[in-house]
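Look at the two complexes coming up: chain A is in both, with chain B in one and chain C in the other.
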Partner chain A sequence: MLGLNKKDAGLLFFVAILLVFAPFLLNPFPESSSLAQFNAGYPDLMQRFAIFGIFAIGFNILFGLTGYLSFGHAAFLGAGSYASVWMLKLLTINVIPAIIISTLVAGVFALLIGIVSLRRSGIYFSILTLAFAQMAFALAASVLTPITGGETGLQTALNDPRILDGANETGNIPSPSLFGLETGATWQMPVGDWLFTFNAGYYMCAVMMLIAFYVSLRIFSSPFGLLLKAIKTNQNRLNYTGVSTRPYMLACFVISGMYAGLAGGLMVSMDPLAGAERMQWTASGEVVLMVILGGAGTLIGPVLGAGFIKYFENIFSKINKSVLEGWFSFMPEGLQDIFVTILYPFVGKGWHLTLGVLFMLVVIFLPGGLVEGGKRIGKLFGRRKSKDTETGETNPAPAE
Partner chain B sequence: MDQIVLQILNGLDKGSAYALIALGLTLIFGTLGVVNFAHGALFMLGAFCTVTVNRILNLGFVPEGATTQSVGGFNFGSPKETPYLEHWFGEAAGQAIVDWSVPLSILFAIPVMLLIGVIMERGLIKHFYKRPHADQILVTFGLAIVLQEIIKYYYGANQIPAPAPEAFVGSFDFGAMIGMDAGAIIYPYWRIVYFVFALIVISAMFAFLRYTTFGMVVRAGMADRETVTILGINVDRRFTIMFGIAAAVAGLAGVMYTPINSPNYHMGMDFLVISFVVVVVGGMGSLPGAVLAGFLLGILESFASMREVIEFLPGVNQVVIYLAAIVILLTRPRGLMGRAGVMED
Partner chain C sequence: MSGFKMDRRGLLKTSAVVGAGLAMPTIFTSAARAYTNEPTGGSVTLGFNVPQSGPYADEGADELRAYELAVEHLNGGGDGGMMNTFSSKALKGNGILGKKVEYVTGDTQTKPDAARASARSMIEKDGAIMITGGSSSGVAVAVQALCQEAGVIFMAGLTHSNDTTGKDKKANGFRHFFNSYMSGAALAPILAANYGTDRKAYHLTADYNWGYTTEEAVRNSTEAMGWETVAAVKTPLAQTDFSSYVAPVLNSGADVLVLNHYGGNMVNSLTSAVQFGLRAAEANGKNFEIVVPLYSRLMAQGAGANVAGIFGSTNWHWSLENVAGDRYAGTNAFVQSFGAKYGFPPSQAAHTVYCQTLLYADAAERAGTFNPCGIDEALADYEFDGLGNGPTLYRAADHQCFKDVLVVKGKENPESDFDLLEIVDVTPAEQVTYDASIFGGELGSCNPGA
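Right after this comes the complex of A and B.
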């Protein structure tokens, strides 16, 4: 099907099911129950799942396949965001041109940075990409203010030209739409005590992510992908056999950058605002965390990692001291206090602490990420998979 | 002319911080071959040693019979606390100790940072020697996040001021001292103190490596670990100690930096990115290279911040370090003083 082997097609089908039924799957708890705060089925969060999923899939094409660790990927996301806001401002409020342009601009940006950065590998490559991203961030926040809006960020305004739509001087600022269907449009379906929310923007992101996932499946199984894996395993040997790796690396880097640009464009399509902090190196670090946590070099890992981090970021930030006290209220008082005191630093504002600890644990004990964890648990329960199911995955250990 | 001198001076204090952090990074890389992304967090921990010492010194108690304070009819509730130090040593001596809390923190920071460094190496980094550099970067990056968040939890997200001793507050006229017009170059005292301090630490490090047996073994180990091991020397233990020392150097840089820039929990990350650039520019694994590049980039940054330069090339002050790094990496792949065979592609 679609040029995929059986296993990949199954994976694609699995992701498609997840995406279509996400509003149900993420809302398992009834509204009135105390667990309702763990529901994640609201539009904003679901959009972020899909968008960061795309970002992580793109990063994984670079890091997972070739082992080149880029610490400046957020620059492409930021460049894409700015480009698409400008499209919304200048051309039309329809998001399609914005998304296309954001992908292209990020691609060009990645090409320029890639030409320079890919002259080196290893830690030098990481530092070079980091340097470029930090430069982009610093410039966007200061000198390029006319283009980027500086510290306050760039957003659509009432008196933008919008050539195709015709300028409107009165009324509200139009919100981004897909041929008239606003991306913020939602439809709610109450079923008993449950309330399911369907959002136009989310489904647009979901379709994009499905396409992105499909492309990544094809890249992983293509001869091009095989060559990238060979670069990761041993670049020298490849050079000795007479293969020039530079064009392949560059193509891979640009594709990866375009994914980030697409994610940026979608982000703007959901909320027409772009700020410089999107380019900061902490944002680049976040996507690294997602991919590693999910499992670098695996197909489904980045998607899982992105969903995992975004979900727990939201949920953990909501837990406060009284919620914790509620949980441990069944315990005797002293014990309750002890547990609350121990756990409190990890929730609420301390989410990053949890993330850091979790990330370290994954890197130390589970270099293959969640995917490897799932496999190990699977083995533990004696469900031995046949050998051929595992050959589709690349070796999770990154090369030097 | 005075502009040039002024910018060089301005670059020195930042350059000193870069040089100190980069020195530690290079030591760790040269000895253990580990790329330590948590080094900025060590700098930050050092700065928070100062904050801790400051708080300890200001601990007080309520003297018996003290009445509640009231100013102009307003009642402030609790009675005034008397710091223990003032109680023990008398008012003048007690206040002097509190006043000198930043330099005093050095005494506190050295053992603490050594301990943290050794624990870090034994507890975590040790298990990553055989793993790829990407894994080392990732795990130390995670550690940096954890350390940063712990500090944020206990000390809050705001900057905490830690003033320099009274004697070093203010500026002096450097121009007049070197025979230029009075008032041309005004320079804060503490920055000179910081620069001199950095020079002392750096020279001490180099002397330690150059003239002690311990340093000799460490240098031998850096050059050829296997041979030194075969000769029956426990290189691992010495490298662990070197990791502690590198952590202490970063910590001391942080301690003394507090009066220049009030510490907050993410200061380490801000310095780390630049320090990595410094290390790479200086040449991976080259100690003199790291120090040289630290000062050079610090001075370069301050020159780029001159008004004339900014008018000519807007925004250059923000990016000059990265630009320099890109140019140097592309023209001199090993950095300024890099050795062959270290982290070669």
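Right after this comes the complex of A and C.
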């Protein structure tokens, strides 16, 4: 179906189901229970899951297939973000031009950086991309302040021209919308004690992610993808047999950059603000973590990794001391204090610590990422014939 | 490649999905609320969005303490703090409009992006009716815009840039703290009296909107009295080592260094300046001087003995009522209840967010609703007293508070860890009041959201 083999079609269907039913899957706990803290089914986070899923899928096309570790992918995300804020400011509040332009701008940006960086491979390539991204960050943060808004960030304003839209008479800045449907539009469905939230922006991101995932499936199974895998296995050998790998690498790098640009454009479409810190090396490092955590070179891994990290960032960082005290309030005073004192460094602002520990555990015990964990569980419990239907691409070889 | 085939099973699945999709709109109870996050139960949720990491983490921690104290007082706990001295008696200590006050916290990381994500999750997930906090103007402007869009009230925390209630003002956003313009206007006469009118100034400026407006305000007001600005250099917000910025100052021909820095930035840059011997140096035949336009006790604590003798301005100081009399009633009440709970006096960041929480609660109580438009009306040109700053006006035209501004100096011989600043002068509100239109920007109209 759709030019996919049965396994890939199954995977696409699986992702589609996940995306459609995310508002239910992410809100498993009743509103009034204390576990509602762990519900993730609110628009902002669901949008982030889908957007960073796209970002990670794109990064995986580069890193997973060719083994080239780009440490500057956030630059493309940032470039896409700025481009789309400008579209929202100048052209129209409709998000379609913003998303298209952000993807194209990031593609051009990736082409320029790729031409230089791809002259080298391995660690030198990583350092070059990192250097370019840091340059982009420094430019955005101070030198190009008139264009990027500096550290204050770039936002839409009441008196922006928006030449395609009519005069604005509401007295408020219009929200980004898709032909009049605001990305923030939300419906709620109470079922008993549960409350499920459906958000227009999320479903927009979900559709884009499904398309992005489909394209990545096609790339992985195409002759082009095969050649990229050959580059990962042995680039010298390819060169000796007379294949010029540069154009393939460059194409791959640009595609990957465009994915990042698309993610940036979607981020802005959901929340019209772009800040320079989106380009910082920590943001580039985050997508590397997502892909490795989920399983580099696998199809579904990056999506899982992105979800995992965003969940921690948004849910664990919100647990404060009084929440902890609430959990352990059934205990006697002294014991409660001990538990709170032990757990407190790992939640709230200490969520990085928890993530770090989990990341170490995954890398040490599950080198193939979460996907390998899923496979092992599958092997333990299932006697299904095709154990890898849920994992797609085999051989999650570690990075070079 | 296999073609697009449809078997019986596939058809059934597809039609089920399509059917469910069509039925969707009818089963949604499309938010039948009068405004975003209208509280329906017995409690109301406030969102405290403060920096818990980054250069302003100290301020964030102190803000959080003050918020917890304010919530305690609103719910009738503790000694009531400034609720007893507040000129409005609408608050009864039974929550707000009879609803118990609950709160959620988040980390802004002093980054606009992260702050907005955190605020959005408070609004969308936790149902916060009001967002408050922050210790950076970049963050305040970003979160204020978000709140305007989402239809909730934003009560700004420590944000000193003119932009917050100037070019980026929003109908749903309110600021109690003073701003760069007021700092400049209050500082200039004191600087002229102490350092003369023929000084040459060198500015180091934090590279974001607060830095820009502070530099501009100090430049304008000092140049008006005869000072000259030699150079103004921007420094990144994330910078921790300022030696490369401080080194060229002494040979630049300047004899005053103005540090448009706040929080951790200011602690590092001032320490660096002192290590380079600027305090002891002479230039143009005069003693070299350092000025810090926005001061806080937390910064003075961080910079230690280096602050001695350095002038700056501040929104509030815990010793204000003792020094300047009972025009500033409320100060001691607040210091006492804060001190009783945490064991040390509050900073100006803590004071402003405590006031903001009380002002919001009081406005809701007087308006009889949490509707942002009702709050907007209740705070428009609202005059109050007893919150530690003397008589104060919440101006309707830009949602900025006008009150007396303190000019302070680092103490030469501090008696304790907290007694680091002495109040030099209190500039009356009239002297720092300006026309609401000078910074441009449009307030827009209040947005109650859904």
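Throughout what follows, the second predicted complex is superposed on the first by the 358 of 400 C-alpha atoms of A that agree within 3 Å, B and C clash if a C-alpha of one lies under 4 Å from a C-alpha of the other, contacts with A are read in each partner's own complex, and residues count from 1 in each chain.
Keep in mind that, in the parts below, a contact is a pair of C-beta atoms (placed from the backbone, for glycine too) under 8 Å apart; a residue touches a chain by one contact, two chains touch by 3 or more.
A quick note: this is a predicted structure, and the numbers were derived from the prediction, not measured.
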| item | value |
| --- | --- |
| Chain B versus chain C as contact partner of A:Ser142, first or second or both or neither | both |
| Which superposed partner A:Gly275 touches (first chain B, second chain C, both, neither) | second |
| Partner chain(s) touched by A:Gly153 [first = chain B, second = chain C, both, neither] | second |
| Partner chain(s) touched by A:Thr186 [first = chain B, second = chain C, both, neither] | second |
| Partner chain in contact with A:Asn172 - chain B first, chain C second, else both or neither | second |
| Which superposed partner A:Ala251 touches (first chain B, second chain C, both, neither) | neither |
| Partner chain in contact with A:Ala200 - chain B first, chain C second, else both or neither | neither |
| Which of chain B and chain C A:Gln134 touches, first, second, both or neither | first |
| Partner chain(s) touched by A:Leu104 [first = chain B, second = chain C, both, neither] | neither |
| Shared chain A contacts, counted only where both chain B and chain C touch the same residue | 141-142 |
| Chain A-facing residues of chain B, complex | 35, 124, 127, 131-135, 137-139, 141-146, 148-150, 153, 269, 273, 276-277, 280, 284, 314-315, 318-319, 322-323, 325-326, 329-330, 333, 343, 345 |
| Residue numbers on chain A that touch chain C, as the complex places them | 1-3, 5, 39, 42-45, 48, 141-142, 150-153, 155, 158-159, 170-173, 175, 184, 186-190, 197-198, 271, 273, 275, 277-278, 314, 317-318, 320, 348-349 |
| Complex contact set, residues of chain C against chain A | 1-5, 24-25, 27-31, 52-53, 104-107, 111-114, 116-118, 120-121, 124-125, 137-138, 141-142, 145-146, 148-150, 163, 171, 207-209, 234, 236-237, 442, 444-445, 447 |
| For the chain A and chain B complex, residues of the former touching the latter | 67, 69, 116, 119-124, 126-128, 130-132, 134-135, 138-139, 141-144, 281-282, 285, 288, 292, 345, 350, 352-353, 355-357, 359-360, 363-364, 367, 397-400 |
